[in-house]
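Letters A, B, C and D name the chains as they come in the text, with residue numbers starting at 1 for each one.
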Amino acid sequence: MRKLMMAASFALPLLGGGAMAQETLKIGYIDPLSGGGASIGEVGLKTFQFLADEVNAKGGIQGKKVEIVPLDNKTNPQESLIQAQKAIDSGVRYITQGNGSSVAGALSDFVTKYNERNPGKEVLFFNYAAVDPVLTNAKCSFWHFRWDANSDIKMEALTNYMKKTPSIKNVYLINQDYSFGESVRSAAKSMLAAKRPDIKIVGDELHPLLKITDFAPYIAKIKASGADTVVTGNWGQDFALLLKAAADAGLKVNWYTYYAGGTGGPTAIKQANLNHQVFAVAEGIPNLDNPPSQAFEKALRAKYDFSLFYPRAVNEMRMLAVAADKAKSVDPVKVASALEGMEFEVFNGGKGFMRKDDHQFFQPIYIASFGDRTEKEPFDEEKTGWGWRLVDKINAEDTVLPTTCKMERPS
Amino acid sequence: MVRPEKSGRTILLNASGAAMLELIVISTLNGILFGMLLFLMASGLTVIFSMLGVLNFAHASFYMLGAFFGFQISRWFGFWTALLIAPLLAGAIGVAVERFGLRPVHRNGHVAELLFTFGLAFVIEEIVQIIWGKSPVDFRIPSSLDFPAFTIFSTNYPAYKMFMLLVSIAIFAALLIVLKKTRIGLIVQAALTHPHMVAHLGHNVGRIFMLVFGVGTALAAVAGVIAGPALVTQSNMAGLLGPILFVVVVVGGLGSLPGAFVASLLIGLIQTFAVSMNGSLSGAFGPLSPAYASTWLADIWGVTIAQVAPIVPYVLLVLILIFRPMGLLGTRET
Amino acid sequence: MSAAIELREIKKSFGNIPILRDINLSVAQGERHALIGPNGAGKSTTFNLISGYFAPTSGSVLLRGEVVSGLPPYQINRRGLSRSFQVTNVFANMSVWENLRCAVLWSTGQRYAFWKNIDNLPEVRERTAQILADIHLTKRRDVPAGLLTYAEQRALEIGITVAGGADVILLDEPTAGMSHAETERAVALIRRLTEGRTLLIVEHDMSVVFGLADRISVLVYGQIIASGTPEEIRGNPKVKEAYLGEEAA
Amino acid sequence: MSEIATTVAPPLPTATEKLQFYGMWVTAAVVLVLLPHLFGSGGSLTTFSLIGISIIFSLSYNILLGQTGLLSFGHAVYYGLGGFLVIHAINIIGANKLPIPLPVIPLIGGLTGLFFGALLGWVSTQRSGTAFAMISLGVAELIASSALILRTFFGGEAGVSANRTKLFKIFGWSFGPQIQIYYLVAAWTLIAVIAMYALTRTPLGRMCNAVRDNPERVQFVGYNPHVVRYLAFCFSGFFAGIAGALAAINFEIANSAYLGAQQSGTVLFAAFIGGIGFFIGPIVGAIFVTILSLGLSDLTQVWQLYFGLIFIAVVLFAPGGITGLLMMHRPLLKAGTLPQVLPSYLFALVPTLAMIAGLVLAVETIVHYTVNPGDDSHIKAFGVPFDAASPSIWAISAVLLVGGFLVARKDWVRVREAWDKAASVEREKDVAA
């Protein structure tokens, strides 16, 4: 009935009005549930619902049951703002979102202005996957918390690994032509120049976002450049088609990627038959020798047909519970203060902390390769039979980057 | 490019010449392959759009249906059966759509038809999502075609791409023969160039339209079955294709199959060559003076030809419509 | 005084097919001139050339001594020439009143005005009402033109043609497909509306032609074979052979 | 005024008719003022604001499609550019403390739309029909793609944001709270609607209709159809720019989605669904489509399916749009025969609704099995709970679907008969008169 009520209160404003009693803690999940981005949004939604069930089984947060309110933003920033308004109307004080930095930027901006204009009704925005560095730098906000490592932090971790890998000599950068691709590319250039000046950047390509059906010309360029390593932030179709075209043309290089683990990524790698040639940088992988996270992974896979894409979502949910306990309240302002600077034992093991200066979470980062498995790797991905193998672990303190954030705290 | 070798210096020149040659050969090959893929997808639309005048926005959806039917049938009976059955299924759906959807809408004009296909595209996408889910499915190239056909300049060209090329050419040839040599083809061709005349000739225009729509959607499905394994078979593949197919049809010229063929090749080649070029204004004229470095002028200055490659077809579309409204080989105005 | 319409050595071909071979024609001011000839002789093409629908392949069209060939139709219309069409060509979704009003707007100097209320323009209103009364469609004022009967649509067609006040009027088979009684009414209408203006008319009905025209030109296979008063044409042996003979056979 | 004009021309509006006419606008204004007092929640205000923006945008689109017969696939270009310029303007004005208050800012958007309409319109409007449609498609793709490449101006993927409260204040209004934005949008909506209505009543407006009906004939009454189309295009761009500006003020952000194909598609939908043949059609369509797109996704997971089906149904069964459907009844209402038809509607509606219910039930159950197989089988569709696992569901939905279809088909035939009878009565009256 809730959904109907909410829609009715919106569509037929006659029925709207009073907010409902607060015996639940509502978290507005604003991500694409229809259209092109829906496959990713749906996985995120089910992950959060699974996490809510976990919290509720332990008695909820501060005695309140957690409820995930799904809101479809169709990956459109304007639509996200409407959904956020809608969520707030129905009593939501926490919203979470991850797909698309454009959406995250708009939401962070919206929440900041909303809180400024509606004191006493503050709303917090938990970002679990939008990685544009600007959100915790120039455009940082007190009301925004990010659990995913931003793209610069990931590049810091990746280049720290590349620093120790002498076999890398010629690097080719290929990225999607939008802000994320741009930041991957510029971070890679500046960090590699600082850490491994001997590495040659033999190519630096930006291609249009989700518009290329044939990557053969790009592969021809990579091949001509003599690269041994390709670094790419590509995701979705742009990732899958890139790898397929590479395999078709017989290109033999190592791939360092951000989103090889995304939906369809493992399938594409298997189809391209790039056994342990594709590496991903992530805050966790299923095949880590860490019994609690393996148990969680098993339980999730038993219920749904996907693996845990978002270890950071687990951290987000669990830290919310701890912060609320610490603040003895679910009031967003108090929870926000409790979250600032909090240290936390992360899902995959190891220390993480929420930096007070910019609300960026720092955690151990893993480099893993995808391919055939040994008995040390119990989990495969997307029914391919292949799985992730740990290559290197970068500790949280080795991923710390300075921030330009000048946080404005509420007085 | 080839110069007589006389001294060590010319050998050096030849080395860069060889790289140039390699780039040209490979880009041409890639361009032809991509162009033929475009033609494969657009051939059905040419027939429908030219003859019925219907801006079929659901064409890409039939292409997607073809891919998913192909995926499902190849699981059960293998790829080759799928290549035969899936287009027939999609074509049958196309026939039904024409008979029970488009025909009643037809008398309300082109905008109504267009909106009908708009709505249809939504419905097909959602039905595909309900049946096959939102994630990509694992649609593989048949193992009998999964090997490199030949290697040029150490770049492999897989047999499957050659197969795609052959199918495109075969469809082109078959359509041309049907149009030129058969009775029904002649009627259809007459309808392509003079859509209002055929009704006066006493032919059952309704049946012809139904047939044309069925064939057009079946061709889209053939493209789907063939492109599915090579690209990503996912419920958003129709949306991602975008309006590029309309560009092919309009640039080629309404009512002209050879036009669509030429336009596909042209767009394929232009795009591929554009991608292989790194030139930009800053490359040509040197970097912008620092005074303008952070203005919008810097954006234009720094854009490479490769970056704008996907816009090129639309520039072509606008220019063609302004200066040659009948398209490259068209017989009547758009 | 120069002729109202003058065609000088007009040639027109489509592709390689010549339609008009060498047309010289002069229509004096205030004259009622009929253009006759068998089907396919090029009468409609001649009209299309005069009204600016096509440009001639060579030669020139003069309107009151001024060259107008090559100008777009609206320019020629603004210089005082208006035409009707063989196939009824009205604004089908608009009412009879709106049809006539649109035909009046330019000549009353409204141009592309977007700051005036169209219902508050007395001159437009006056002239539209006058034409409406003239073509006897007052009762059908608010009916969409597409729903009128055939004869009514033909009357409206003539109304639109003359509404702008052009002093050179071209009518393309105004009575085609009409019954005898309807034709008579139409001829009376044409006679009245073109009073004091120059009229060039294409017509197949010989009784209309000989009843209405001051002068007649005969067009056969893209050439004018004779021009003269009705009596002269009646007696012309070439016309008899090429045209009337054919009619008889 | 001469005698002939008074007897033959359509009568000029009487004083009462004039009063009625102006009264209508005053009533609309009063309703707009009172609306927030009835529905004051933040969500309702946002909805109303969005509806207002959508109304302006749809009406501006109908200047092209309904009035001039130009099918555009790229109308969002002018909407989006208006939005971007306004965001930049707010930032510049705020930074330099210029004495320009927010309420006049939409004019900047309008002028932007006008400027780009004038710039791109001349080539676009050279032809009508499919050629125009395709040019608009090409231009839209060009501009939308450029928006992602020219990052400095368009802000890349994230877009450009602004703070509307940092401007010069009048009447002490900060324009922070949504209620103030609502009033701003409402005022502009009223102004724009009146202006666009007035435009249809001018010589240019009438020539637009003439160009739509018969561009060839227009040339022979002295008008250049290209110029008429071009002017219509400029006006349409102007009002689209105002709509875009209001959207930018409402969201305080502009990004490339403003310019995109989806935005262009939505406005086409709204105008057509509402009915392009009537001035109020796009208004109805804007309200309907906005509410549908906001509300439907909360009611069901597969809202796109229903969205598509609704559009197909409208195109198939109500080609004149919602307004066309309602206006069909006007002659019956005048003839007083409407009551004869209404009972047959009721008879037809019941089985039709049953059929729809059966369809929805079947769809939602299938969705439960294919999309959410692991979830609890007690699900809700449109707020109605049921157990998807129960086998009787299939029987019920089949009975509703098939039974409803069979009965409905018969009943709609009866509706048509009743209709014809009622309409013929009206026609006879007309003839008698």
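Methods note: a contact is a pair of C-beta atoms (placed from the backbone, for glycine too) under 8 Å apart; a residue touches a chain by one contact, two chains touch by 3 or more.
None of the values given here were measured: they were computed from a predicted structure.
Student: Enumerate, in label order, the chains that touch subunit B and subunit D alike.
Tutor: The common neighbours are A.
Student: By Cα centroids, which chain is closest to the centre of the whole protein?
Tutor: Chain closest to the assembly's C-alpha mean: D.
Student: Distance-wise, how many Å sit between the C-alpha centres of subunit C and subunit D, to the nearest whole number?
Tutor: 43
Student: Could you work out how far the Cα centre of subunit A sits from that of subunit C, in whole Å?
Tutor: 74
Student: Just how far, in Å, is the C-alpha centre of subunit B from the one of subunit A?
Tutor: The computed centroid separation for subunit A versus subunit B comes out at 35 Å.
Student: Among all residues of subunit A, which ones touch two or more of the remaining chains?
Tutor: 35, 177, 208
Student: For subunit B, which residues are shared contacts with two or more other chains?
Tutor: 129, 133, 242, 307, 310
Student: Could you list the positions in subunit D whose residues touch two or more of the other chains?
Tutor: Touching at least two other chains: 145, 149, 151, 304.
Student: By the touch definition up top, name every chain pair that qualifies.
Tutor: Here the touching chain pairs work out to A-B, A-D, B-D, C-D.
Student: Sort out for me which residues of subunit C touch subunit D in the complex.
Tutor: 51-52, 72-74, 77-78, 82-83, 85, 89-94, 97-98, 101-103, 105-107, 110-119, 121-122, 125-126, 128-130, 132-133, 138, 141-142, 160-161, 163-164
Student: Which subunit D residues qualify as touching subunit C in the complex?
Tutor: For subunit D paired with subunit C, touching residues are 1-2, 4-5, 7-10, 12, 198-199, 201-207, 209-210, 212-214, 216-224, 227-228, 231, 235.
Student: Spell out the residues on subunit D that touch subunit B in their complex, using ranges where they run on.
Tutor: 65, 71, 73, 123, 126-127, 129-131, 133-135, 137-139, 141-142, 145-146, 149-153, 261, 265, 268-269, 272, 276, 302, 304-305, 307-312, 315-316, 319, 363, 366-367, 370-371
Student: Under the stated contact criterion, what part of subunit A meets subunit B in this complex?
Tutor: My answer: residues 35-36, 38-39, 42, 177, 205-208, 210-214, 216-221, 223-224, 237, 240-241, 244, 248-250, 263-264, 267-268, 271, 382-384.
Student: Going by the contact rule at the top, pick out the subunit A residues touching subunit D in the complex.
Tutor: 1, 3-11, 13-14, 16-17, 33-35, 72, 76-78, 81-82, 85-86, 88-89, 100-102, 105-106, 109-110, 113, 116-117, 132, 134, 177-180, 182, 208-209, 303-304
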